[in-house]
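Dropping the structures in below, format is structure tokens.
Two complexes, one shared chain (chain A), two partners (chain B, chain C).
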Partner chain A sequence: MAKIVSTHSFRGGTGKSNTTANLAVMIARAGHRVGIVDTDIQSPGIHLIFRLNEREVTRSLNDYLWGRCRVEEAAYDVTDSAIGALSGVGKRPQLYLIPSSLNTGEIARILREGYDVGKLNDGFRELVRRLELDYLFIDTHPGVNEETLLSIAVSDVLILILRPDHQDFQGTSVTVELARRLQVPQMYLVLNKIPPTMDRRSLREQVESAYGAQVVGMLPLNAEMASLGSHNLFCNRHPDHPFSQELMCVAERIIA
Partner chain B sequence: MVGGPTQLSPQSVSVQLIDSSTGALMQTWEFDGQDRITVGRAGEQDIRVGDQYVSRLHAELQCGPDGWILIAQGRNGVHIDGQRIDRARLADRTVFRLGPNGPALCFRYGQAVDALATIAEELAPQIEFRIDQAKCASEVAEIIDGGYFRDLETLAAQLREQRSEDSRRG
Partner chain C sequence: MTNQRTNNDLDLLLGRITSAASPFRETLQQIHQKYAPRGEGRVADYIPELAKASPDWFGIAVATTSGQSFEVGDSRQLFTIQSISKPFVYGLALEDHGREEVLKRVGVEPTGEAFNAIVLDEKSNRPFNPMVNAGAIVAADLIGGKDFAERIGRMLSMFAAHTGRDMYVDNSVFLSERATGHRNRAIGHLMLNFRMVSERIEDSLELYFQQCAVLVHAHDLAMMGATLANRGVNPLTGRRALQAEYVKDVLSIMLSCGMYDYAGEWAYRVGVPAKSGVGGGIVAVIPGRAGIGIFSPPLDAKGNSLRGVKVCQELSERFGLHAFECAFDGQSLAEQIGT
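This part shows the complex of A and B:
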């Protein structure tokens, strides 16, 4: 059965899209069929990491939600650009991205009129079925709204990303509680942008004790990620970097 | 305390931890009259950097007749200008990394007394995080009391059942 993995953060700027994109690539590279849906319709961004530009994106999640296409028609095969040719992997990896529209008019329409959240769920199921996915990643909009709650509700795995920051810490407590009420089977915490001076052990203990959930990744604040400017896949550019190595541990937890 | 440039003895040096994403100064250690400075993750080092890729003793700075030198000790090495070094002479403002992508430190002759250094040191982030449980409970209650959330709880159970069925059908 395919696993639905939602990545969420209470606030923006936590590195959610970068984390999602890199995790998806790592899991696909291990020989799986993976899809990513950008449900951050108000502020789409993950397409940039896969270097999809506005001209290339002729169909998007928005088109599906407005009934203008089937959901799989908005899926872009980014396997070659993100993973390339692999030898020694039994099953051919496959990676699809379903971007949200980059058109400001489309974004404004969503904000103005809303959309049928139930149709979004139908879209998730269709994607899993039509693209024969092993994993479907949902990159959510920060904060709590209807589509975020739906994404959490349908998840098998919820990855909550937070920084060592008081506002992130407080806000995440609300999401953790909501996820518990929605009985998400697995909930993991990923701490991102940890400054080098911070006592990592104490931080992990504080977070795990506060939320009663496991921290599966502690990602260091680093200049290399900032230099990429969300315009490339970090794990491809810096495969041996501590950030990539730590993220690989998160990927292994999702696959386990 | 904030002050202007200070006249110092030759052996007065400082080492600054640089935020690798912004280049901002994060912490400063100052030494006066000390001829050996140790850098590493272990609590007993003069400069303690709590990063998992930093060795317990990662580097030593030694003052010799020709000035200060840096000697690498850690497993991940010390890098200057992208090159791994075993030993290097330290000039004022030499930046070295603990490991190829690890924390960056800047060596300074004299004590780096400026407003930024003082503020940065005070803000060295050994933070204690606390959750305001009452605020959290009130925000959660506001969300779950809505009809949408109640419907969603029911829907979530149905959806999981549907997906299991999809999977059984293949």
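This part shows the complex of A and C:
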């Protein structure tokens, strides 16, 4: 059975898309078929990390939601660029990205008209079925919105990403409450952009006791990530960096 | 599933999301796909407005007492409620006069006669039940109010309480029904002769023609069914549409007399209170749990929506919905919907 993993933050700038992209790559590299859906219709961005050429993107999630295409027609195979041409066994590994439209007109249209949230759910199921996925990652728009709530409702695993910042702390408790109401089976916390001087042990204890959920990753604030500027996959550029190592623990937790 | 009032904003939002995420959505889509191909049914054509309906229109909606709702196909295509209005107007008559008074003027026996027969029970001169036209005209006559405007307002308000939205009448269907309503006028006056109806019978006939032309869609029917399932309270708005003590009257009448000449086999096979209409709608009630609304204009030989009957039969079998089911060991509706 495929596992659906949603990554979410209450606020923007927590490093969610980078974390999602790198996690997906690590899991695919471990020999799995992985899909990533960018449901951040208002501010799409994860495709940049995969260096997906905008000219190549003829169909997006928006087209599927408007009934213009089947959902798998909006899926782009990024295996070679993300993982490299590995001589995989049979059909594994594989990595697909389903982007949201970057066209201003299309973003405006979907915001104005809305769409049927049930159809988004149908899309997730179809992707898993048609692309024979082992994992489907759902990258969401920050904060509370329908796409986020739907993603949480259908996920097997929810990863909440937050910085050690009071605004993130406050917002995360809202998301945790919603996730509990929507009965998500597994919920994990990942702390990102932790300043080097911060006491990590007491931070972990504080967060775990505040939300009653496990912290599975403590990712350091670092200059290399900032320089990369979402222009590429961090784990490919800096495989031995503490960030990548720590993220690997999160990936292993998801696979377990 | 619980019978809570879900008029809290967060509950409503989460209800909508869990509906979108539920595996029941896929089940409903499969069922819709299975019965979508055209069959032997014929669209009603006794008035030109009804004949305009497309035989391909087909919508299914399910609404639960816990505030969730599911739809597939043409679930928002409007059509006239026709006979489906009858049990609901009966409920209003019961509220206005009480059981004993109403029983003096309309019986509760299923009849083997056609629904538009100009026939009254010989012994009592009462129409047999509120689901045949004669009985429905009595119920309309019983709607209280000082004049026509107040009575039609109360009737539309009653429908609005059940559906959760303002309700309107299709003017052209109303005018057509009224122009061709000779049999209905005949039975109305016959009943006036026997004092089953009041001197206001002309107004009441107008009310009756208007009631049949109220515009609904499958989702409305599901909400009306869910309201009855929820002891008379609309699960989304929390507003009471029918006094709790009369819900059982409405439901038992639906079970015994709701599906025209198919009522007996329906009670046997499907086993849930239901009402069909010549416009192609069917409402079914799963007490304590949910309402089902179906729209598909092609009718079978007995005058019920062909696809509608099949869908209800399938849902009843799949989820063990029959009122007297004792041997079901599959996944219940509550389990699949996920509350």
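Criterion: the second predicted complex is superposed on the first by the 251 of 256 C-alpha atoms of A that agree within 3 Å, B and C clash if a C-alpha of one lies under 4 Å from a C-alpha of the other, contacts with A are read in each partner's own complex, and residues count from 1 in each chain.
Just so it is clear, a contact is a pair of C-beta atoms (placed from the backbone, for glycine too) under 8 Å apart; a residue touches a chain by one contact, two chains touch by 3 or more.
What you see is a predicted model; the values in this text were computed from it and never measured.
Aligning the two structures on chain A places chain B and chain C in clashing positions. Between chain B and chain C, it is B that contacts the larger number of residues in chain A.
Within the superposed three-chain model, A:128 lies in touch with chain B and out of touch with chain C [touch as defined at top]. When the two complexes are overlaid on their common chain A, residue A:30 makes contact with neither chain B nor chain C. In the overlay built on the shared chain, the residue A:153 is in contact with chain B and with chain C. Of the two partner chains placed by superposition, A:69 touches none, neither chain B nor chain C. Looking at the shared chain after the overlay, A:196 reaches chain B, while chain C stays out of its contact range. In the superposed pair of complexes, A:182 makes contact with chain B and with chain C alike. Touch criterion met: A:120 reaches chain C, while chain B stays clear of it. Once the two complexes are overlaid on the shared chain, A:107 sits clear of chain B and of chain C alike.
When the two complexes are laid over each other on chain A, chain A has residues 121, 125, 146, 149-150, 153-154, 178, 181-182 in contact with both chain B and chain C.
The part of chain A that touches chain B in the complex is made up of residues 1-2, 4, 121, 125, 128-129, 144, 146, 149-150, 153-154, 164, 166, 169-170, 173-174, 177-178, 181-183, 193, 195-200, 202, 206-207, 210, 218, 220-226, 238, 240-243. Across the interface of their complex, chain A is touched by residues 17, 19-23, 26-27, 49-54, 99-104, 124-133, 135-136, 139-140, 143-144, 148-149, 152-153, 155-157, 159-160, 162-164, 166-167 of chain B. Every residue of chain A that touches chain C in the complex is listed here, in rising order: 116-118, 120-122, 125, 146, 149-150, 153-154, 178, 181-182.
Residues of chain C touching chain A in their complex: 10, 13-14, 16-21, 25-26, 29.
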